[in-house]
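Have a look at these structures, which come just after this line.
Both complexes below contain chain A, partnered by chain B and then by chain C.
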Partner chain A sequence: MRFIPEENITALLLRLSENATVWAPQVVRDTVNTVLFAPWREGAEIETGLYSALPVKGLVLPATERLFSFRYHRAGEREKIEIEVDELRERAAVFAARACDAKALVTLDALFLDGSGRSYNDQHYRARRGALTVITLACTSCDSACFCSSFEDGAAATAGSDLIFYPVSGGFLAEAVSATGRELAALDLFQESNLEKPPLAETAKVELARLGQRLLDKFDDIDFWRRTAEGCLSCGYCSYACPACHCFNIFDEMESDRAGGRYRCWDACMFYAYTLESSGHNPRPEAAHRYRNRLAHKFSYFPLNRGEFLCTGCGRCIRGCPAGRDVRDVIKALGAG
Partner chain B sequence: MSTVPRKGIKATKPLVPEPATIIDVIVETPSIRSFRLVFDDPGIMKEFSFAPGQIGLMGIPGVGESTFAISSPPSRRDYIQFSVMKTGFVTSAIHELKAGDAVALRAPLGCGFPVDNWKGKNILIAGGGIGMAPLRSLLLYILDHRHQFGDISVFYGARTPADLCFVGDRAHWEEREDIAFIATIDSGQPGWDGRTGVLPRVMEAGRPPAENTVAVICGPPVMIGYALAALARLGFAEGQIFTTLERKMKCGIGLCGRCNVGSKYVCTDGPVFSLADLGNEI
Partner chain C sequence: MEELIPIIKKALEQVDVVLGWAQSPAAGVAVPAFFHTPAEADAAVFDSTCAHNLAVYLPRLADKKVGIVAKGCDARSIAQLIAEGAVKRSGVFVIGASCPGMIDVKKAWRCFGFGKQVCDAAGKVAMEGKTVAREEILLWKCRGCRDPEPVICDVTVGEASSEAPAPPAEPAGIRKRFAAMTVAERRQFWQDQFSRCIRCYACREACPLCVCRDVCTIQAHEPGWAGAAVDSPQSWMAQLIRVNHLAGRCTGCEECERACPVGIPLMLLLEEQNDVVEELFGYRAGGEAKPPFLTFDIKNDTWDEER
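This part shows the complex of A and B:
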């Protein structure tokens, strides 16, 4: 297997920086004093121990993204609209992604790159996804919120990564998953090594067998959902922080009298207004309805439609929930498989 | 699931609308106006085709876009019509539009009525309020292909006579011998000599036979609830009943997540559903 000495990492990131913005987990002190993926510059310290508050999904589905710009102009008697889609010019590379985040990218691909008509191939997602290189740092330790070991592969998941780094003494073993990964691993910054891969993190586990059906069996028991969602503030953090959640809103903004842009931005199914119709009718009026829908989407509907869970067990929604909601408690309460 | 394939919108840029121009505005009721529009690109206009029941997202860049059923029939090649009820932000701005104004359109989206499976069947259409919009498209399609279908009965209900849309069409539908058309208003009004009574009751009183019949109902949720109960009493099975569902929508292409009814998305799996598709998810 290939090996990269610790002291070559900066050189690797500089190499990547030549034609891409390199995103790496860093403690962002000036704003929220938390770990986030941020553009890396030489000298910046990379934080791989603490869990980033937000996943890498923002690189393919930015929190706010312009879909197109428009301009009104006069054509003779008439007002006409001209629409222009920005072209993505920049490549991105992410360094030290987690396996659960990388795997979630493949889950998002199933939806955003589908194109069968059940969903449409999304040109903006496609452009960003195609311009993204993912270098994953395999987890050798975890915290109490992680539960990726419940899923096939667990911390050893390779899906979505181009190159996976395994921490070993003096540096990292590097396993190429894609052609891009193989090209990188062939760089002179790497060398051959016969070191063994380290043992990976073993997280807490929940029983996922028949979960989709178990959840639907409990669907109509609204009191059950009221208990599980108790205290939920409908703040939406769980959705924003989730590497697999992808709902978005669309809105327009004028940038002058005659021109503006249409944007999409992250939304959350935990918000009251998410499904509020103009008549005042809301099919999911209570936090309990919304929490139920969020989990049903992850563990029943998405598996029904796409054959996989919309969750990789990253634990962010557990770590960050101000109301202490824990999706694993719900899965346990739904009974054994 | 309906069998009509989705076609038309550029699958390569599904979130980017095409510029279009309003060519005519029809004031239907105090709160509903129909807008006829054409794509600015004649090539797109020429190739535009859809099935009754399909939807479009029409909008004014800078204001926003909203979901509407196409209310013109596929045979209408010179314009696309939407009938818009004024309810909020975007629909109020749309109501200000005049002929010649610019809009942007993503259409057609969703699955229409599976009309090809209905050949040889009797069709019962029941529309309440703005719910008549997709049914106008369907009815005009059926009249274009009249020989393919059995008996056609149409019930159209609104609160007051002033709330009934499609004045010109109605006169024509009432005259036609080969369809039974009944308009009804909720309660008696001076100057109204037509039927009165809420639509589900008027429909049930007509005792439409369930045998070899497809029932299509669109309207406000309360009306749908009563109409479904009436159809059940008349002996209609779930697979014979079709409706269009409404949920708040943004993307229209199965990605933004909000329009789901259980595991189905109204925007791509619907808006047309048979009751059998929906099970207890309605």
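This part shows the complex of A and C:
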């Protein structure tokens, strides 16, 4: 396997920076160790121990994205609209993503890039995803919010990554997963090594057997969901921090009398407005309905439709919940598989 | 605080639910819990990780009779909600808990790792063998606490601490730097801060006084006071609207800042505004006095919180 000495990491990032913005987890200035993926510049310290508050999904599905600009203009008698699609011109590379984040990119790919016609092939997502290189740092330790071992491959998942780094003495073993990864691993910054991969993190596990059905069985028990969701503040953090949540809303914003832009912005099913209909009716009026939907989508509807969970066990929704909710408690409360 | 459990059980004889805390096995700290039955109340705890302001749940439970374990600062929020008519005094049973000062759990987690058991004794906070001085890890509001005793209370639990609260800290770190900034520097500072905002509205949802919630103007598109695009100027504008709607209403509980997942120091805005309100009107929200400026009709006692 290929190996990169620790002292070559800066050189690697500089090499990547030549034609891409390199995103790496860093502590935000003036905060008590709030970690976010941010553009890396030489000298910036990369934080790989703490968990970032947000996943890397923003690099392919940004919190806000201008899809196109529009402008009204008069052509003779008629009003016409001129549209200019915003093109992505920048490449991006992410360094020290976690396996759970990278794996979720594949889930998003299936939704946004499906060639079968079952879902939409999204040009903006395609441009960002095609311009993204993912270097994952495999986890050799975890915290009590992690539960990726519940899912296939756990911390050893390689899906979604181009290159995976395994921390070993003096540097990192590098496993190429894609052609881009192989190209990188062939750089002169890497060398051959016969070191062994380190043992990876074993996290807490949740019982996933028949979970989809267990959720459906409980669907009509609204009192169960009221009890489950009663501490939930109904904010959008868990959705926005989730590497697999992908809901969005689309808005037109006028920027002058005659011109504006169409934006795609993250949306979250925990918000009241998410299902609010123009008639004023809301099919999910209580936090309980919304909480039920969020869980059932992740662990029942999505697996039934697409054969995989909409969760990779990253634990962000547990670590960052302002009300201390733990999704695993709910799964437990649904009873044994 | 073992005497809390029987008090909650007794309260359950006359209320539908008691809001308190229970230990979270994963997080190693207390998290909000709803006790409906005496058996559930056996899980109740109260320690220095009970930072959450449970008053946030009261307007959502306005149709129920609710017991609530409240610290001194939480009681101010309850008093303010009652003054504004969002909660009926007869609908709440306040269990005033004597507060030792709350630990900034996120701060501890980020220094020691999520889920580490917090041990708080003898002026030191220990997590897995590592120890820090207590005042270093207290929430900012707990330093120089002005309200150790609940302003509104039906029964108390715990001995009032004989120790004086930690003295108000000299503004350090970000507060010190911020105080010294020029207006132009502050503008840049906030632009940087709000560039991280993801508009998850955890600040609003965790705020006990942000009672509009589901119909909040900063999430509305008509009228679009704050644009839909999640960028720094729009997010800043949205937050300033929220802050201004809390003028004379914010009790300084710090929940918005605690809830913010990306660490925006929201209390810098609210502290400044609270100081101005106190200076101009001699009024602190959450007391006995009638709020000097209510931006809504106080005679309307039917808060239409969408449920």
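In this section, the second predicted complex is superposed on the first by the 329 of 337 C-alpha atoms of A that agree within 3 Å, B and C clash if a C-alpha of one lies under 4 Å from a C-alpha of the other, contacts with A are read in each partner's own complex, and residues count from 1 in each chain.
Keep this in mind: contacts are C-beta pairs under 8 Å (C-beta built on N, C-alpha and C of every residue); 3 or more make two chains touch, one makes a residue touch a chain.
Keep in mind it's a predicted model, so treat the numbers as computed, not measured.
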{"item": "Combined model on chain A: chain C and chain B, fit or clash", "value": "fit"}
{"item": "Touched partner set for A:Phe70, first chain B, second chain C, both or neither", "value": "first"}
{"item": "Partner chain in contact with A:His124 - chain B first, chain C second, else both or neither", "value": "first"}
{"item": "Partner chain in contact with A:Glu277 - chain B first, chain C second, else both or neither", "value": "first"}
{"item": "Chain B versus chain C as contact partner of A:Arg78, first or second or both or neither", "value": "first"}
{"item": "Chain B versus chain C as contact partner of A:Tyr301, first or second or both or neither", "value": "first"}
{"item": "First, second, both or neither for A:Gly260, with chain B first and chain C second", "value": "first"}
{"item": "Touching partner for A:Leu111 - first (chain B), second (chain C), both, neither", "value": "first"}
{"item": "Touching partner for A:Phe251 - first (chain B), second (chain C), both, neither", "value": "both"}
{"item": "Three-chain overlay, closest Cα atoms of chain B and chain C, distance in Å", "value": "7"}
{"item": "Chain A positions touched by chain B in one structure and by chain C in the second", "value": "249, 251, 253"}
{"item": "Sites on chain B touched by chain A in the complex", "value": "5-6, 11-19, 21, 40, 59, 61-65, 87-89, 91, 100-104, 221, 246-248, 250-251, 253-258, 260, 262-263, 265, 268-269"}
{"item": "List of chain A residues in touch with chain C within their complex", "value": "28, 30-34, 36, 50-51, 53-54, 63-64, 66, 143-145, 204, 227, 230-231, 233-237, 239-241, 249, 251, 253, 261, 263, 265-266, 268, 271-273, 282, 285-286, 315, 318-320, 322-326, 328"}
{"item": "Chain B-touching residues of chain A, taken from the complex the two chains share", "value": "67-68, 70, 72, 77-83, 85, 111-112, 115, 117-124, 246-254, 260, 262, 264, 267, 269, 274-279, 281, 283, 293, 296-297, 300-301, 304-305"}
{"item": "Contact set on chain C toward chain A in their complex", "value": "24, 26-34, 36, 52, 56-57, 104, 106-107, 109-111, 113-115, 173-174, 177, 193, 196, 198-202, 204-206, 213-215, 219, 221, 224, 227-231, 255, 258-259, 261-263, 265, 306-307"}
